[in-house]
Amino acid sequence: MSDIPPATPEAAPSPAAARRAGGAPAAVRHGLTILLPAVAVFAVAPRIYPNGALLFAMMTFLVLAQGINVIFGFTGYLPFGYVGFFGTGAYAASLALLRLHLAWPLAMLAGAVAAALLALLLMPLLRLSGAYFAIASLAAAEAMYQLVSNPALVPITNGPYGLSLQAVYDGPVSYGAMVGVLALTLAILIYLRTSRFGLALQAIRDDPASAATAGVDVVRSRALAWLLSALMAGLAGGVYAWHVSVFYPDTVFDLSFTVFAIVFVLFGGPATILGPLFGTLALYGLYDAIGISTPQYFQFIYGLLIVVLVLFLPEGLVSLLRRRGIRVP
Amino acid sequence: MALLTVHGLSAAYGPLQVLWAVDLEVGAGESVALLGANGAGKTTLLRAILGLVPTLAGEVSFDGEALGGLPPDARVRRGLAYMSETGVFPDLTVDENLEIGAFALPRAQVAARMAEVLALFPDLAGRRRALGRSLSGGQRKMLGVAKALMGRPRLMVMDEPSAGLSPRMVGAVFEILARLREQGLGLLVAEQNVRFLDLADRAYILEGGRVRGQGKVADLRRDDAVRRAYFGLEEA
Amino acid sequence: MALLVYSLLAGLMFGLFYALVGLGLNLVFGVMRIVNLAHGDFLMLGAFGAYWAFTLLGLHPLWALLLEVAAFILLGFPLYHLLVPRLLRSRDPEMLSFVLFFGVSQVIEAVAIIAFGNTQRSIFAPVFGTQPVSLFGQTFPAAWAVSALVSLAAIAAVYVYLYRTRLGYATRAIMSNREEALTSGIRVHRLSALAFGIGLALAAAAGVLSPFMLGSIDPNMGVDITTAAFAIVIIGSLGNPLGTILGGLVYGLSLTLMQTYLSSWSAMVPYVLLLLILLVKPSGLLAREARHV
Amino acid sequence: MSAGRGSRPLAAVAAVLGAWAAAAVLTAGSGVWAAGTQVAPKEIVIGTLYAGSGSFANSSMPEYAGLTFWVKTVDASGGVYVKAYGKKIPVVLKSYDDQSSTSTATTLYGQLITSDHVNILVADFGSVLTSVAIPIAAEHHMLLFDQTASGISLFSPKNPYMVDTSIRTSALWPTPLAQFLLSRHVRRVAVVYAANDFDQSQAQTLVRLLAAGGVHPVADTSVPTTTTDYATLLHTLAAQNPQAVIEFGYDNNDIAWFQNLSQSGLKFPLVFTIYPGLETALLLKDAGPAALAYTYTYAAPPLVAYNKVTVGLGVSAFLKEFPKVMPGGTLNFQTIAGYNTGLVIQEALATSPSLDQLALRHAVQALSGHMTTLEGPFQINAAGAQVGEPMYIAQFFPTAHGVRLLPVYPADHAQHAPVYPAP
């Protein structure tokens, strides 16, 4: 069912163990040691490092990687068309700003809600197994892209001509909004990593039948994770659109958003908080260093990395630590 | 010298060890039964002999040659035939199934061999262009045996040839096996149906992945414990 | 009316071409139960091979096609042994193959862009004659007719291989039950590698025809082609190579009909068809039994 | 085009810019005034992007070569004259390859502004790759020298940080085309356009002008800009029996269009496309002279030769000089456009009292109506959109060895009588 080997004991602590270590305190500890520093760094960084566009892109990928982590890491579904939620969020939020003149927090929320609605619509896809699900979600994202960019819908979405939010553009505030989205994302991940719900999801991933017999509501839990993950992408999409403020359908439905995010998760290690975080910081940083003007060199390294990871280290870098008995949050 | 020798074989599925230091022998032309409850490791043992299950320790040799490390197809080409519980390719026709069975033979011999084998199975001879999946359960078993025979094996390893068959079909299958045995084909058969014991020279009893007993069938029949466990109940 | 005849005939030609596009993907899935997500990229390589052979050497695309088929079959062996056996030993080969070949796809795309430039290219079409072909009062580019015939020939060749040769029987035996094939004395890895190579060769052959059917080629075309190939294969039913023909025809006809009558929506066809089929009948139109999900 | 037409918007924009400048001065404190007393920089850094590959490569690379040519010629003469420092300063070109990708371009524009701190920001070719630079430039208060983005929707009077140097606003291009069609009494017109700002605004203008003349198109369809297969569409159009088929696209669209057209066996009395006039050699190579014979396109420099110029080289001189400095470089309209961008920058630096971006913008505005380059009269409106640099209509005529492109409309620029319908 899943491509991820059953979690090793220390990867999936029993609720009892979590409580012994202090269930709520664990969440608080992660909040203090992971969430807070991450948010602080990104909040302060623009004052030290001038290329805000890059910092912003990195936060976007952090959110997307964690979003994919929720559905892929914790439930084993690989959403190839994850960017569909991102693009949908971008368009919904932008249209809410442009056409409905909503205040920005409401507009960003509209983006998240639209993405969640799309996820709801695509819920039947969760019945499909492995590769079928991945392909179907890709097709759904492409269909969404074709819909949004269709010349017949110019009166609503402005079709292939893209949208311009220059009238409501606000660089610093949209940057701050993305910091907020990042904080929310990390909070969700900390919750999944320390709660019974997160544990139930991993149980479903490893063995749906046993999970069901153990009293886990398989369908409902999966659906929740799916919605949560879509919500995160929708939120990120909305804030991203606002920040770049001029974009075309192919900018926000660009498959490389999914690609990058998947690689970041795979590289760091799915079903952890730190894995995708580390994967994004390391690889996107590397991309920044060598890839920007010739992304192909980077694409090449990515591709090789995926091949090597799948064949030799399907649980990511954190599994190296795990093998030495080090628990990674 | 035995045709097939299994010595100290241990095997595992992932973290779960299934076989523990199993020793077993089948001589040329000998007919051996492998007895044991469900989950005793019978199928795993047969699969390990064929190289389908990685082994942890021990050795399998055939005709004096150690098979360790050889892939299943290479073992089959050395004269070891295997008939799984399913036994046939459902998406191929009877003819094609037999053709596959003869893969190890030189092409020139295939037609003659097919005629020989089909002569043993008149039921199949009439349905040569039918797909495997369209055959009845009994016909499928027959086709499985026929396919295994195509490559002129010296030892046939069979996993529950009677499973899922009506008593009448079971009889037909055993009749075939009896005939093969007369022709000097070695048989290693995992079976719960005691009727097969009439055909067997010797038997091994597998319990929890270990050999718990072995001997001539006639001797085993006299052993009370064994009889209760493997003969009496089945006969009822 | 004339327009309908035109689009039906064009749909038929495109259908045959698209059947060829999907055939290799389905063969590989059928034999190995792995998803070659780099299928479209191999097609792209085939296309560029023909483009350069024509541009630099003046080699006719049909000669390039024959050479490429041989070359890609040979390429299949090392590639298979490098990737597939290790993959098949993993916990969930089908799912992991998806990710693995996605990586392969990225590598191919990157190398192609570095080598060829990220630029659309087309082969000057008159290599197949300047005169359009007339059929039922409608005119079609000669290249379409040639591509349709070549596709048909390639499909026929695959049929003959699978249903009229011993190697073909054995290949189908592996598709039917891999383990049973192993214990029947079939050299499964060798034949799988061959099937893998044939799958790549079919992609390359479709690639040679693609500049004529799609208008132009570029190093990024792979993803779209792979998705289209998926739609075709799943419509026909995954793992059943002959079903691909049906899938290709359904796909080609719906595409040209949409282009004719509702052109702005035609780009959605592959994705919507794929979603519909997956949701309504995941096993495909030709499947014997519903695939467990 | 008379110089007087631009003067009234000029006054308006001067007022707007004055207000902006005042605001800038207030916020920037002494920065602007200090510029005058500062030591002159060692070099003027011009930052730009080019598409080394991808769908815009064929247009972007010649344009980039044109700009490079300008940098080289200026530096050969000791640099560009900068009024703010009263002396010549060498010019340096800082450039990156965006590979025709908008997302790569977004990051790279940011890089040019925030990391490289360029003095002058020049956009890549065309509306698509320029559009993503607009908000970034505005956010960082950098004037964006837009070379060839002419989609009218990109310009806004509220954004002073953008000016179109080298291409007429695309909404104005089809005016002579509409007049030509109406003058020939063409009633059945089919319009196909690629869905992007550049082509859409041309299609909209054409349809509007035709409607004003009582002609309503028998077809008006858009296709994705990535379209390279027009075969089925051509048959759909043919079913309408059009007298004229107008296809607005980028170069890849036009190449595919002509390849499909010649393969389809269909014939139309009049075919018009954009790029054969702008990138003639490329179209001749990829579509073939036979396909282009008797079709129409825009007449732009170098076909239309402006030799009486107030700044830089005239067309004839440019055609002679360019190959000497950039041997092997493609020479077409885009090359001229790139060079023209350099000329506008040169004149802005020569007249602006400081290197402040709004001062530069003001200087460019002041050039409008007072400068003629090898692209013709330079004229921009209050929003920074180009309304000068006109385009005419040309037609391909068969010759003994290929085809020849000649202006055919309007009459005062024609070198040959138009042939309609095509034989």
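A, B, C and D are the chain letters, set down in written order, and residue numbers restart from 1 in every chain.
Everything below uses one rule, namely that a contact is a pair of C-beta atoms (placed from the backbone, for glycine too) under 8 Å apart; a residue touches a chain by one contact, two chains touch by 3 or more.
Owing to the predicted nature of the structure, the values given are computational and were not obtained by experimental measurement.
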{"item": "Chain closest to the middle, measuring from C-alpha centroids that were averaged per chain", "value": "C"}
{"item": "Taking each chain's C-alpha mean as its centre, the one farthest from subunit D", "value": "B"}
{"item": "Most contacted chain pair (by C-beta pair count)", "value": "A-C"}
{"item": "Cα-centroid distance, subunit A relative to subunit B, in whole angstrom", "value": "52"}
{"item": "Cα-centroid distance, subunit B relative to subunit D, in whole angstrom", "value": "80"}
{"item": "Cα-centroid distance, subunit C relative to subunit D, in whole angstrom", "value": "41"}
{"item": "Residue list for subunit B, restricted to those that touch at least two other chains", "value": "none"}
{"item": "Multi-partner residues of subunit C (each touching 2 or more other chains)", "value": "113, 264, 267"}
{"item": "For subunit A, residues contacting two or more additional chains", "value": "151, 294"}
{"item": "Contacting chain pairs - touch in the sense defined above", "value": "A-C, A-D, B-C, C-D"}
{"item": "Residues on subunit D engaged by subunit A in the complex (per definition of touch)", "value": "96-97, 99, 101-104, 106-108, 110-111, 114-115, 128, 131-132, 134-136, 138-139, 153, 156, 158-159, 195-197, 200, 222, 224-225"}
{"item": "Subunit C to subunit B touching residues, read off their complex", "value": "166, 169-170, 172-173, 175-177, 179-189"}
{"item": "Complex interface listing, subunit C residues touching subunit D", "value": "2-3, 6-7, 10, 113, 117-120, 122, 124-126, 130-132, 134, 138-144, 213-216, 256, 259-260, 263-264, 267"}
{"item": "Sites on subunit A touched by subunit D in the complex", "value": "50-54, 57, 149, 151, 159-162, 164, 166-167, 169, 171, 244-248, 250-251, 254, 256, 292-295"}
{"item": "Partner subunit A, residues of subunit C touching it in the complex", "value": "35, 83, 86-87, 90-92, 94-100, 102-111, 113-114, 223, 227, 230-231, 234, 264-265, 267-268, 270-272, 274-275, 278-279, 282, 292-293"}
